[in-house]
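Common to both upcoming complexes is subunit A, partnered first by subunit B, then by subunit C.
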Partner chain A sequence: MGRYLLKRLSQAVLVVISVMVVVFVVTRLIGDPVAVMLPLEATEENRALLEAQLGLDRPILAQLGDYVADAVRFDLGDSLWQRRPAIDVVLERLPPTVLLVAAGFSFGVLLGLVIGIVSGMRPGGWVDRGAVTLGLLGVSLPQFWIGLVFIVFFSVGLGWFPTSGSGGIEHLVLPAVVLGLPVVGRIALVTRSSMIDELNAQHVKDATGRGVSRSRIVMVHALKGAGIASITIAGWELIGVLAGGAVVVETVYAWPGIGFTAMQAIERHDIILVQAVVFVVAIMVVTINIIVDVAYTMLDPRVKFDRVS
Partner chain B sequence: MNTVSSGSRSERRRWAGWLMRIVRDPTALFGILVLALLVSAALFAPIIAPLDPNKQDLAARLLPPFYAEGGSAEHLLGTDQLGRDVLSRIIHGTRISLTIPLVSVTLAGVFGTAVGLLAGYRGGKTDAFIMRIVDTLFSFPGLLLALTILAVVGPSFWTLAIVLSLRIWMVFARMTRGLVLSAREAEYVEAAELVGASPVRIMLRHIAPNLTAPLLTLAVLESAHVILSEAALSFLGLGIQPPQTSWGLDVAIGRQYVFSAPWLIIFPGLAIAVAVLGINLLAGWLRVAADPQESAKRFAAAADAPSAWSG
Partner chain C sequence: MIRSDHLLEVRNLEVVFPTREGTVQAVRGVSFTVDAGESLGVVGESGSGKSTLARAALGMIELPGRIAGGEILWRGRSLLDKRVARRIRGREISMVSQDPMASMSPILTIGTQMTEVMTRHLDIGRREAFTRAGDLLEKVGIPDPGRRLGQYPFEFSGGMQQRVVIATALSCDPMMLIADEPTTALDVTTQAQILELISSLQKDLGLALVLITHDLGVVAGACDLLKVLYAGEIVESGTADQLFHRPRHPYTAALLGSTPRLDVKADRLMAIEGHPPDLRHVGGRCSFTPRCPHATTRCTTESPVLQPSEAGRAYACWNPLGGREAPELPTARAGHG
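And now, the complex of A and B:
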């Protein structure tokens, strides 16, 4: 277990470093960071000054080395927009994102599990058909659009929730629901599918033959198998919510988290702040991956630690 | 899918059989109809669309759709803040919504399949090395990284298509590798190896036919993801740029008028939703149709293939 964790941790560090190298290559080699950051009317002197300030006039490999070395020490440079360490800006905006992601993800997983279990128990019935349609809608509707439609109906039309911003629990409801909708869809479809598999599996049929009650079979046997299947996909979903959905939903609802910050930074051509957001999200993503793998291994006795690569 | 047809007649009969299966299944029929509608809208946009999507008419600004008070048959779905016809913009928007996934999925599919074939067939260190890279890329923060790249490189049709294909090629690589590995263990492949068939022949004759159906299904499924990502990126201002039209871009424009002119966001978004739903249903049906074991769970198909993203 200890050796396994150590191996996973070193892999995680490698992933974060490669993300930063990709960002570096894209910003410094393919793009022109100075041109992106400066206004159109900037003079040659402005350019040279900013280049020297950012160290862009030095050899590229020296830049890359310093960049990775600084990133490992959580130093990503000063935000051009806020004029203070970019990492501080990101860490300051992190709590709202964690709150939103936690709320949206829990909503998505819980509702998805309930829908999946209920529809998987009687496949083909009208409850099942309704659930599958709902699941398909969840994965097919664009989040930014659902977010705006909810604003039109629930905020403008019915006046139940504020249109945007943060503050009380009433601000959290709409963005969290929108963030969780694709999760509801996918978790429901996967849980349903593995419920059907489990209920048809030999050990479950044997249990039925021994006279174990239906509710006990669903609760003990089928749910366990379905739970294992859902955990893997739940990890994927959490990563998708964090690295994708949150940016879109925070932007729609002006929710002051790191996704909204990333968009503001892009609008203000603050590449350094964008890099800091990517860095922090990359760390969170690899951490989630490790947690999911460990949870998976603990839940499913068929998987051994040394076998998971 | 592995049957080798002996002539054009049995080929035709097989196609007719597939056609009958599609018509009998309402979800597949819906998917096919949506796809046909999209393709014809994209091909014949200038003929079908009532007006030029970029023609401004400041006298007819923010007109409501036909069913609302003040709406007219001239602008069925209303007009935007510059007096451009919403319906015409949606019809022209199908072009981007279909060409981006077509280009991205083709690029990603060809590259990913080639990499997966290499990993699966060579095995050993090559396989371990390639799959390590693939696993690393799966841990990348998808949409956020795409946003960063597009912000720096500058959004355009081709940068968008390439960035989106970079995000999904690993899915094809991983699936191809898995399929090759399981096909290689099949008895008929071992038999072919024993009688001395060349690697190329084994690859083309015995392994490739097992790849076609699952990879095509994956390509359809990934197209739905790419449509959603393109729309999201265009909505955020880092995808398709004016004067080109895209559904996501139109929703972004309509966002400023969400209180006074909600039709500007409702209809382009509805177009995205219907397109993605149709393609998802088609992908789900394809998977079931290609795999008899799945038939019992027919409705479950569209979304449980793990994907590199959501957005």
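And now, the complex of A and C:
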């Protein structure tokens, strides 16, 4: 297990570095932060001066080298927009995102599991049909659209929740639900189909013949097997929620997390801050990946570390 | 409560499976009884309805399957009542199925799967159930049971795993064990050991045993009474001795001819030509007619019923083989060894 973790950790470091290099190069190719930062009437000299200040006049490989050397010490440079260390801005905005992601993801996984189990128990029944329809809707409706519809319906229409911003639990409900809906859909669909497979397995029929109760068969025998499939999906979902959904949902609801911050940084061509956000998200993603793989080996006795490596 | 003097009594059982292309009549008017301590062999080829019969006897016919007629009584109580069947399964009747590796969940330990049945049916706690599970493993010949209980099915060989399945089936001291092809998935040497284990446990515990198989060699030593099933019907029944030495139904004789034997020298085994009938279109004639070397016009127009004949045996055939002597079998089984 120790060797396996070490191997995975070194792979993770490589992944993060690769992501950073790509982001570094791409942000410098697609936009010019200097043009955004200076007023329209700025002269050529002003431009050259600012470029020199920011170090953007040097060859890109030299910039990259400096950046990596600093990043190793967790110095990701100063945000061009906020004029303070970018990592501070990101870490400040991280807790709201963690809260939102945790709420949305738990909502998605729990509801998805329940729907998946119930519909997998009686495939083809009306509960199942409703659940599959709901699951497909959750997967296919775009989040920015659902987000806006919910605001119109629940906030403007019914006045149950605030339209946006953060504060109490009432601010959390809508964004968390919208963030969790695709998770509900996919977890429900995957859990449903693996429950159906498990319940049709020979060992389930034989367990019935041996006198194991139906409730134990569903909740222990079938669910443990189905859970192994679901946890893999759940890991991917968490990554999707964190790296994708959060940006959209935070922007729609003006939720002060790193997703919203990323959007603001992109609008302002604050390449330093964009890099910092990507850096933190990349670290979280690879960490989640490792945790999922370890959880997998602990849940399924057939998978062992020595066989994986 | 219906009066029945037998442990298990199946009366005129009809099991059907509706399909889009018509209704499959899997079990057609089967009746038999099993008494305490008795061992019954049910022999038939694939699709003869033998496994359906086994599941019916456990009250486990699942949709779209349906019991269309008849009655299954366990000590006078109807197993068609799901609540009765639930209480009896595992407690009074238990089963062992074909593939031991597929018979238990691959991701739960043997100990968990052995004890979950006991804690449900017997009035004992988990700790006591584990002790009992260890004793049972020892009884079925698995060394080091303490360590084994913490292992998973994939850590056992096929034969060992089947011993575990048997031990689990017997964990609540049932009165009857239904073994559906218990040795088919095992290699030949292991088959013999498992059969021997089942037989000795049956005698030691005074179990009633229903052994379901396609292999006459399997029932030869293990069962006192045999029923031969063809196309969902019992075509012949009697003691093992009677059926092996004086089969009256041509199908029984043909099955014997297709089974390799050590005591009979045969140049070649005889395959039974043709296929079992389509179970959506049966009745009105003897189902074996198309494959029967002795068929006459009567066989194609009238369905023979199971007729009792001498000394507790019965057969459903218009032209039974042989009298009291060894019959002329449609095989190359010349020259007894």
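Heads up, the rule we're going with is that the second predicted complex is superposed on the first by the 292 of 309 C-alpha atoms of A that agree within 3 Å, B and C clash if a C-alpha of one lies under 4 Å from a C-alpha of the other, contacts with A are read in each partner's own complex, and residues count from 1 in each chain.
Assume a residue touches a chain if its C-beta (ideal position, glycine included) is under 8 Å from a C-beta of that chain, and two chains touch if they have at least 3 such contacts.
Just so we're clear, the structure is a prediction, and the values are computed from it rather than from any experiment.
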First (subunit B), second (subunit C), both or neither touched by A:Val220: second
Partner chain in contact with A:Ile228 - subunit B first, subunit C second, else both or neither: second
Contacts of A:Gly185 with subunit B and subunit C, given as first, second, both or neither: first
Subunit B versus subunit C as contact partner of A:Arg8, first or second or both or neither: neither
Partner chain(s) touched by A:Arg93 [first = subunit B, second = subunit C, both, neither]: neither
Touching partner for A:His171 - first (subunit B), second (subunit C), both, neither: neither
Subunit C versus subunit B, contacts on subunit A by residue: B
First (subunit B), second (subunit C), both or neither touched by A:Asp206: second
Intersection of the subunit A residues that touch subunit B with those that touch subunit C: none
Subunit B contact footprint on subunit A (complex, rising order): 12, 14-15, 18-19, 22-23, 26-27, 30-31, 33, 36, 123, 128-129, 132, 135-137, 139-145, 148-149, 151-152, 156, 182, 185-186, 189-190, 192-193, 196-197, 200, 232-233, 236-237, 239-245, 247-248, 251, 259, 262-263, 266, 271, 274-275, 277-278, 281-282, 285-286, 289, 309
Subunit A contact footprint on subunit C (complex, rising order): 55, 58, 60, 86, 89-91, 94-95, 97, 99, 102-109, 113, 116-117, 120-121, 152, 154, 165, 168-169, 172, 178
Subunit C partner contacts - residues on subunit A that touch it in the complex: 201-213, 216, 220-221, 224-225, 228, 299-302
Complex contact set, residues of subunit B against subunit A: 135-136, 139-145, 147-149, 151-154, 224, 228, 231-232, 235-236, 238, 248, 251, 255, 258-259, 262, 265-266, 269, 272-273, 276-277, 280-281, 284, 296-297, 299-300, 302-304, 306-307, 309-311
